[in-house]
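The chains carry the letters A, B, C and D, assigned in the order they are written, with residues numbered from 1 in each.
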Amino acid sequence: MNRLKVNLPGLELRNPIMPASGCFGFGEEYAEFYDFSKLGAIMAKSATLNERVGNSLPRVAETPNGILNAIGLKNPGLEVILAEKYPFLAQFDVPIIANVAGSSEEEYVAVCSRIAEAPNVKAIELNISCPNVKEGGVAFGTDPEVAARLTRICKEVTNLPIYVKLSPNVTDIVAIAKAVEAAGADAISMINTFTGMAINVKSRKPVLGNITGGLSGPGIKPIALRMVYQVSRAVDIPIIGIGGVATVDDALEMIMAGATAVAVGTANFVDPYACPKIIDGLEPRMDELGIESIQALIDEVRENRFK
Amino acid sequence: MNRLKVNLPGLELRNPIMPASGCFGFGEEYAEFYDFSKLGAIMAKSATLNERVGNSLPRVAETPNGILNAIGLKNPGLEVILAEKYPFLAQFDVPIIANVAGSSEEEYVAVCSRIAEAPNVKAIELNISCPNVKEGGVAFGTDPEVAARLTRICKEVTNLPIYVKLSPNVTDIVAIAKAVEAAGADAISMINTFTGMAINVKSRKPVLGNITGGLSGPGIKPIALRMVYQVSRAVDIPIIGIGGVATVDDALEMIMAGATAVAVGTANFVDPYACPKIIDGLEPRMDELGIESIQALIDEVRENRFK
Amino acid sequence: MQVELLEIVSNKEIAHNIYEMVLKGEMVSSMNRSGQFLHLRMNDPNLLLRRPISIASIDEDTCTLLYRIVGKGTKDMSRYQVGDFVDTLGPLGNGFHFDFLSEEDQVCVIGGGIGVAPLYELGKELVANGNHVTFILGFANQDDIYYYEQFQELGKVILCTDDGSAGLQGHVGVALDQVDPTAVFACGPTPLLRLVQSSYSHLEHVYLSLEERMACGIGACYGCDTKKKDKRTCKDGPVFQRKEVVL
Amino acid sequence: MQVELLEIVSNKEIAHNIYEMVLKGEMVSSMNRSGQFLHLRMNDPNLLLRRPISIASIDEDTCTLLYRIVGKGTKDMSRYQVGDFVDTLGPLGNGFHFDFLSEEDQVCVIGGGIGVAPLYELGKELVANGNHVTFILGFANQDDIYYYEQFQELGKVILCTDDGSAGLQGHVGVALDQVDPTAVFACGPTPLLRLVQSSYSHLEHVYLSLEERMACGIGACYGCDTKKKDKRTCKDGPVFQRKEVVL
């Protein structure tokens, strides 16, 4: 029996661990470190219809046990991604979750409708929560109706399952989750980054060229966990837990909060082997904690969640 | 010239540093460590009309560079506070900012109307943002209209200036800030804690008796800074910056983001001398950075803020 | 109550995952009662909360802590080197009191696991006070036993292990009928404290040392209330008379 | 490109706030070009981002880094002890290339402040390649100068200090007219790079080593684009031909 196996709509994963979007590019660079057939899945960098050159510099800053980024969805655009990026990943035995972003409904629809051209892409993650682009991005993720509408129209143009990636910068994340579930979302991935900033006290100016950026890393894990916990009690679709996961225990904590799978972002920068190390550490730790299988743990959490 | 002097409505502060509400009790314990006449002001623990015994245990948990707390506004109730707690603080030459909480508008009004009985209390901080109590608390802090209404009716029953303490658990903190400013708030203090949680992977249960708690400490500083920055650009009333401040540079960063004064919470637990150490470190650091006075820095930030 | 950098004189494993740390500094001169604790700041800057650790022994110019590795903080502590300094807040809390005891009174001191630690200093003080002390000490198994010889120098020691690998088999309850004390002092896991609380309901002088998660450690944050929510473990405790607490 | 724990052979201050750290490990054998850098994980667990530091010298089985304390990370590094291990990702980036040079070609190597560091290994390689090298090195003042003797062993060194406390007074610009090189390599603060970029617009072979804040360090996150936003400093650089970049 594979004790680590979990299922997401459209995907069978050999384990619940995958790199988070934007923290792994399209894999080319990390492929020099390990074989991706080790991973549960890969969440690719956000794709937009046309190339995006990204925000002004600097784009990253360090904060206490966290980092701020304002990359600005830099990516080579759908054509190049379809022609080169997803195909590169096809050499590995691992399902790809394509991440789609846009600044208008039309752009999301245009990208979603073509993603299935890449046969190794098994699901779409709809990034409605990027805090680092002026138009669109997070705006789609802060209003339940807008988020639901976007989900619905994207569902219409693709047969791939759609996972909606939620923004934590909201008063009521449960309302957004319920709205996208009702609109047909097949799963939820959460969370994207918190809007934050850092100031250089010497120059008295913001560190980031974009002034604000998205906060990620272990410091935000408690908020991510709380949101996963709340949403998992309110929706029936599975959740990919994201936010500050750096260790085996962090990953298990996410699952205990209600996630079915776990994505690792910032930790890849700290240690390029972050994902395989967590994967290797799961079974020994499960033995210590008396966890038979990840699926059994998920079932146990689901059963207890209305108590 | 006192280079550290700043003003808040109703208060002259010898320096911009004060302990944050709930992280200093009513001062009795910290009085064994240093003379409070060193401090800019003291933000007292939240006062409610009647005694509150607090949440179930455990009430604190540690997270990466942060802590979670779910104290549950434990306090002995207004009578005892007026009879014993504020009077204890009257021996020190330091202005007190009383913090008022409640689970109904009536309770806030009842407490606010009597606070002025303590002559050393120079302002009221309206806690509309406590995430750790079931009724009220944060509910008042997430809806601009509710927050504005509460501010207005509290203003009516007291001559003391009212500072409204904002919750960061909202989509649009600027909207709340503008609403309370329009309703007559004299200042804004921000931010209270983020709702978060931690799970004990051995027991598979939440660490806190209350399940969720408020996240504070350096890990959240980038989000606090961003919010202070945004609000300071949208309102004219002064801001007391709170969230993750532990060092002199953190305090200066808050002021550079737009705050007029700075409150220190969690850092008091790490080091009981956190506030006096920051105060002592301000002038040497200002010399290094070429900052003539805190007021000059505040003015500079205000001038640049619409650029 | 003060903050001081105490110097590490020694720090070594003395039983399975149990460490003994000897600290030196001026603060030692203000330690005058067993049952109090120190609130230690960790080296790892991510660990914001101080860790409460009981004073296990107060000597000429040093004090001794005994701690078990259970998580990140105690793991961090186990790595501190001789000559390093530990940022220490203390001495804190209201320790063990026994002014009510007359010389020659029979006293029973009951401890389990790492809860045995503060009872060593208590034992020394009781012996100095002229009391006859029986120690009932429970451990998981032989590998977990520490300070057995030290306790034997102070009085009668009844040793129990859960698996019977040393002393009596079973928890401390199996030995309670061997003593008929005037006063009982206990520290250990909650089931042990509950047993002591209920077994000696006829006695006035039964004192229990409790644990609770703490932030400030000095009584200011209300983080560490006891279950009845009327007392703070850090300042009003950690030692309580049996009727004061619900377990 | 790999991750390895490199052992610290030495770590000491060699000029005001400038440290030299010598590291040992297998990775050294894969270092074969000046201008590359190592991405070092810090000991302080709060500092999540690795720090990019140029390889200043590649020797038999060690490599040398030269770094200036400017913030928390470099302060952290200055405390590492001989025998400690540094979690190192590297060697990274596209270093200095000079296959176009013929023996006897005149080369000018220009550095300012801590930017002088990677130029030492470059100098060694150029000399081994048979080139004549003139180094123009700028420092703030006498106390900041490091590796002066080492550079003198490699070729002519023109020293400049902002305050004139050693060598010529002024920034490196005051010395440019003393040389007429075939190729120029430069590393240092942006104003220095701008000066080099504009002063040698008639030359094809002008290479500039840039700095930018980095997250991954390997080309995956797009954190470190150059200003033109068409190249990543970490992977496509840090060394660029003068026309490739806007400063």
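Going forward, a residue touches a chain if its C-beta (ideal position, glycine included) is under 8 Å from a C-beta of that chain, and two chains touch if they have at least 3 such contacts.
By chain, UniProt protein names: A, B = Dihydroorotate dehydrogenase; C, D = Dihydroorotate dehydrogenase B (NAD(+)), electron transfer subunit.
What you see is a predicted model; the values in this text were computed from it and never measured.
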item	value
Intersection of contact partners for subunit B (Dihydroorotate dehydrogenase) and subunit D	A, C
Chain whose mean Cα position lies farthest from subunit D	C
Geometric centre distance via CA averages, subunit C-subunit B (Dihydroorotate dehydrogenase), whole Å	37
Mean-CA-position distance for subunit C and subunit A (Dihydroorotate dehydrogenase) (Å)	47
Distance between the centres, which are taken as Cα means, of subunit D and subunit C, whole angstrom	56
Touching two or more other chains - residues of subunit C	45-46
Contacts with two or more other chains, residues of subunit A (Dihydroorotate dehydrogenase) listed in rising order	64-66, 218
Partner subunit A (Dihydroorotate dehydrogenase), residues of subunit B (Dihydroorotate dehydrogenase) touching it in the complex	63-66, 68, 142, 169-171, 194-199, 201-202, 204, 211-212, 215, 218-223, 225-226, 229, 244, 249, 252-253, 256-257, 289, 300-301
Contact footprint of subunit C on subunit D as seen in their complex	44-46
Parts of subunit B (Dihydroorotate dehydrogenase) lying in touch with subunit C, wherever the complex brings them together	22-25, 28-30, 32-33, 53-54, 57-62, 64-67, 69, 71, 74, 217-218, 266, 268-273
Touching residues (chain side subunit C, partner subunit B (Dihydroorotate dehydrogenase)) in the complex	1-3, 41, 45-50, 87, 89, 212-225, 227, 229-230, 235
